[in-house]
Amino acid sequence: MLGQIIEEGDYVLLCLDARRTYLLKIEVGKTFHTHKGYLKLDELIGKPFGSKLESNSKISFTALKPILEDYIMKSSRKTQITYPKDAALIVMFSGIGSGSRVVESGTGTGALTTALAHYVKPEGKIYTYDIREEFKLNAEKNLKRAHLLDFVELKSGDVTEGIEEQDLDAIILDLATPWLVVPHAFKALKPSGTIISFSPTIDQVVKTTEALEDYNFTFIETIECLMRSMQISRGKTRPHTMMTGHTGYITRARKTITSTKEPESNPI
Amino acid sequence: MLGQIIEEGDYVLLCLDARRTYLLKIEVGKTFHTHKGYLKLDELIGKPFGSKLESNSKISFTALKPILEDYIMKSSRKTQITYPKDAALIVMFSGIGSGSRVVESGTGTGALTTALAHYVKPEGKIYTYDIREEFKLNAEKNLKRAHLLDFVELKSGDVTEGIEEQDLDAIILDLATPWLVVPHAFKALKPSGTIISFSPTIDQVVKTTEALEDYNFTFIETIECLMRSMQISRGKTRPHTMMTGHTGYITRARKTITSTKEPESNPI
Amino acid sequence: MLGQIIEEGDYVLLCLDARRTYLLKIEVGKTFHTHKGYLKLDELIGKPFGSKLESNSKISFTALKPILEDYIMKSSRKTQITYPKDAALIVMFSGIGSGSRVVESGTGTGALTTALAHYVKPEGKIYTYDIREEFKLNAEKNLKRAHLLDFVELKSGDVTEGIEEQDLDAIILDLATPWLVVPHAFKALKPSGTIISFSPTIDQVVKTTEALEDYNFTFIETIECLMRSMQISRGKTRPHTMMTGHTGYITRARKTITSTKEPESNPI
Amino acid sequence: MLGQIIEEGDYVLLCLDARRTYLLKIEVGKTFHTHKGYLKLDELIGKPFGSKLESNSKISFTALKPILEDYIMKSSRKTQITYPKDAALIVMFSGIGSGSRVVESGTGTGALTTALAHYVKPEGKIYTYDIREEFKLNAEKNLKRAHLLDFVELKSGDVTEGIEEQDLDAIILDLATPWLVVPHAFKALKPSGTIISFSPTIDQVVKTTEALEDYNFTFIETIECLMRSMQISRGKTRPHTMMTGHTGYITRARKTITSTKEPESNPI
């Protein structure tokens, strides 16, 4: 997929360095203004990804082929995004891969949806729920840009009231009250399936953990990932001064075949 | 894929809790001894994954269907493994997905190879090099157990002397002298392709960063991931006392189409 | 104080490197056995602190003059100690210095008491409470060894039921239910005085913070200190693999002159 | 010391909450403007520290008696300050207390000098060197405000060329080339005395560690302190989003009585 020629309508990640990048659509006649001068984007048409483009101030940018991480980071936002570090760990802990069937909620900007779809394609499917109708269009746009819309079904609905799909490989939650979803997740998951919840506060984690214990999930664990960025330069190497101190906790568990909680009312 | 019935020859992750898990092959007549009593593994045959199994001391274990993370953590080891947290970030930063062609070196236990193969299947391929012939058989065994051997070519060779493949989507390095591989990586990668190096020491990071700069790579960045595990229990919630303080630094970069270094000898 | 000659009865910190140190009393005829051979401690008598002493296996140790940190780390223990990193921050946030009058509870091993006494001497005083009578003797021994017993009054008592001292500069809590001490602390502190609570769990922190808010304390803040140790060696520099992931949270606040909490009905 | 009445000329820490505080001198007729309205500071005269003061918008501030930490954080700055977390650990690792004689360099804003002086008073002395003459006046002002100038001698000089004092308890370095000071520190310290170096980059740490090894220092160790601030609120408790990722590394060591390096030229 990489290594193609840039065409009109393609997205490129214009990159000055790791901290200054821009995800842009190539259109004829379009110029892009930066604090390092402006660039004529259509000069890239017909050139391979990875080509350099100079601004009128002779500053050189690289036109990279966007990867998953870029689509996540540059999601058009109506709310907070799930950062690549967290998306990567959520994907790993969920065990999903090509062919997996996954429910996600809420959709939000679609940043995490993008990551999930990327890793279940070409044969899997993401069913993503959000109660906020107005987020749908924005998420759809983000998914389309990343060429992943075919692997996603955008649904309007409240997973705290029920999950329509059955026999799921994984359920991924990033919403205010994940503990309310646990009973429905227990029913919707395959035995041995995974559930992951991403929450900023410790109170959400405690309530969700208790719900998972109630429904007899196993391998229950909560972690947090601190990503530290380094300034690498011979003689001046050091961690960067500022870092993101907290995005959220990742709680994960796996379904066992029987629940000790009201077994008769959870007919699997 | 999940939700199947356990058959003889299958692997199960026997799970007491998140900290005490065992990856075991189901064989007729096999018993497994733990500090919580012994278990007759063949009683699981014919039951669904996610089923409970009691030890002779009446302690209940769950027989989970192993996921990628389990195959990584339980790799048969001849050397250190790449931990799931690092594997997850390496995969994310590499941009790979189903269909990607990737060179990795060194193979080591095959833990990272397992992760890479999981995410490029069914259409991609991992070419993994190691100079230590004796590691091959062990890595092969680990990959076979995870049903991923078909997506991997195990090669004996030294990537500091050259890379045979061309037009690669990504190159993943976990070896002592990654900076020596940079010239070969530049030639073997597609333009806009990614290179990731995982190194425990800051000195390796500095040398590799300088080599990447010399070959005109862009989006050069080094990060480190600290994973913190939480003890969740109402009234007693706190981070766990011990944590892994450091596994390694992840350096990543993307290829631009032209190198300023000896351009004539790098005819792309 | 440093630079003296080692005499019989003195304590020395025998140091092989930063990770292998031993706090020992010099006695005539005493030998000390290590995995690097044994040492005749009385050979140090008459030599200056900082002198080398060889084991019978010709391994060289240094006999350092103990500093505060050593007395803390080598406290004879009946329970967990407060680590130097936390003791240092507690002292800083408390604002105490020579001359301060401070209440501490619980005494425990006396490790934190040692730190507090060190910084209020020669004119200040630490009143340290513990309900566990059996800890007193051990703490006394630790304080005596550090030459700090004169600046401490060891008390048996339960500060959740009241504090006898008045007009205190600071109150330092390391006990199970710090929120129960807040009403008493409000009365015992000078206006603008500081209160510090060290707790391992988040639940203790929340309850204590709420109590501080109820009693109209200001500058309420909770922090946690992660100390990371580095392995420094040219070409092999990196953070150490293991680190302490959590000791406890430090909550601090300062008393305002009036409490909004039913001032007349708080006759403590 | 705390609990006094506020007089004209006193400094108060005006505190809205832990994140919004102001160190101000009380003067007749002075008003202070905040985004929460203005305050008439002289209304505080004659009231005790810890009193409340309302802005014209009826927002209540507390007039606290400043503690060491406030003087550090509110240092008038010509360059970066040493943060309280690092100052606290430097003091702990140095072993200093009332009566200690300490050399510090560079003086900078005097923030670390303030901390050192606070802990060696009333009997000790800080000799602080800076080559930048223009910093002296500013540091002097900061020390005077904290009532600590009597315990400090501000010197103009370059400690990479020599240290005038002898028989020191500790030497504290926060300058660009600490390794150049090590030979002089070896001569100026008492046997068993401590040296602490605070440096932002790993390269400074490596060079300094090597110099300390050359001069036969022992207990050589480098650590880094990450301070994490928590947002405490029932149901919404979590670490704050942003944190300071790195201020500097703290390297510490203790002098042994003999140096293996040119022993004849180091006549102690």
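The chains carry the letters A, B, C and D, assigned in the order they are written, with residues numbered from 1 in each.
Following the convention adopted for this analysis, contacts are C-beta pairs under 8 Å (C-beta built on N, C-alpha and C of every residue); 3 or more make two chains touch, one makes a residue touch a chain.
Predicted model, so just to flag it, every value in this text is computed and none were measured.
Asker: Chains touching chain C and chain D alike, please list them.
Answerer: Both-contact set = empty.
Asker: Please work out the Cα centroid separation of chain B and chain D, and write it as a whole number of Å.
Answerer: Using C-alpha averages as centres, the distance is 45 Å.
Asker: Roughly how far is chain A from chain B, going centre to centre by Cα mean, in whole Å?
Answerer: 20
Asker: At least two other chains touched by the same residue of chain D: list those residues.
Answerer: 202, 228-229, 234, 237, in rising order.
Asker: Which chains touch, pair by pair?
Answerer: Pairwise, the chains that meet the contact rule are A-B, A-D, B-C, C-D.
Asker: With touch defined as at the start, can you tell me which chain D residues reach chain A in the complex?
Answerer: So the residues of chain D touching chain A come out as 200-203, 228-229, 234-247.
Asker: Okay, in this complex, where on chain B does chain A touch?
Answerer: Residue positions touching the partner: 1-3, 15, 17-18, 21, 47-52, 62, 64-65, 67-69, 84-85, 87-89, 91-95, 97-100, 115, 118-119, 121-123, 167, 169, 190-194, 202, 205-206, 209-210, 218-230, 232-234, 237, 249, 251, 254-258.
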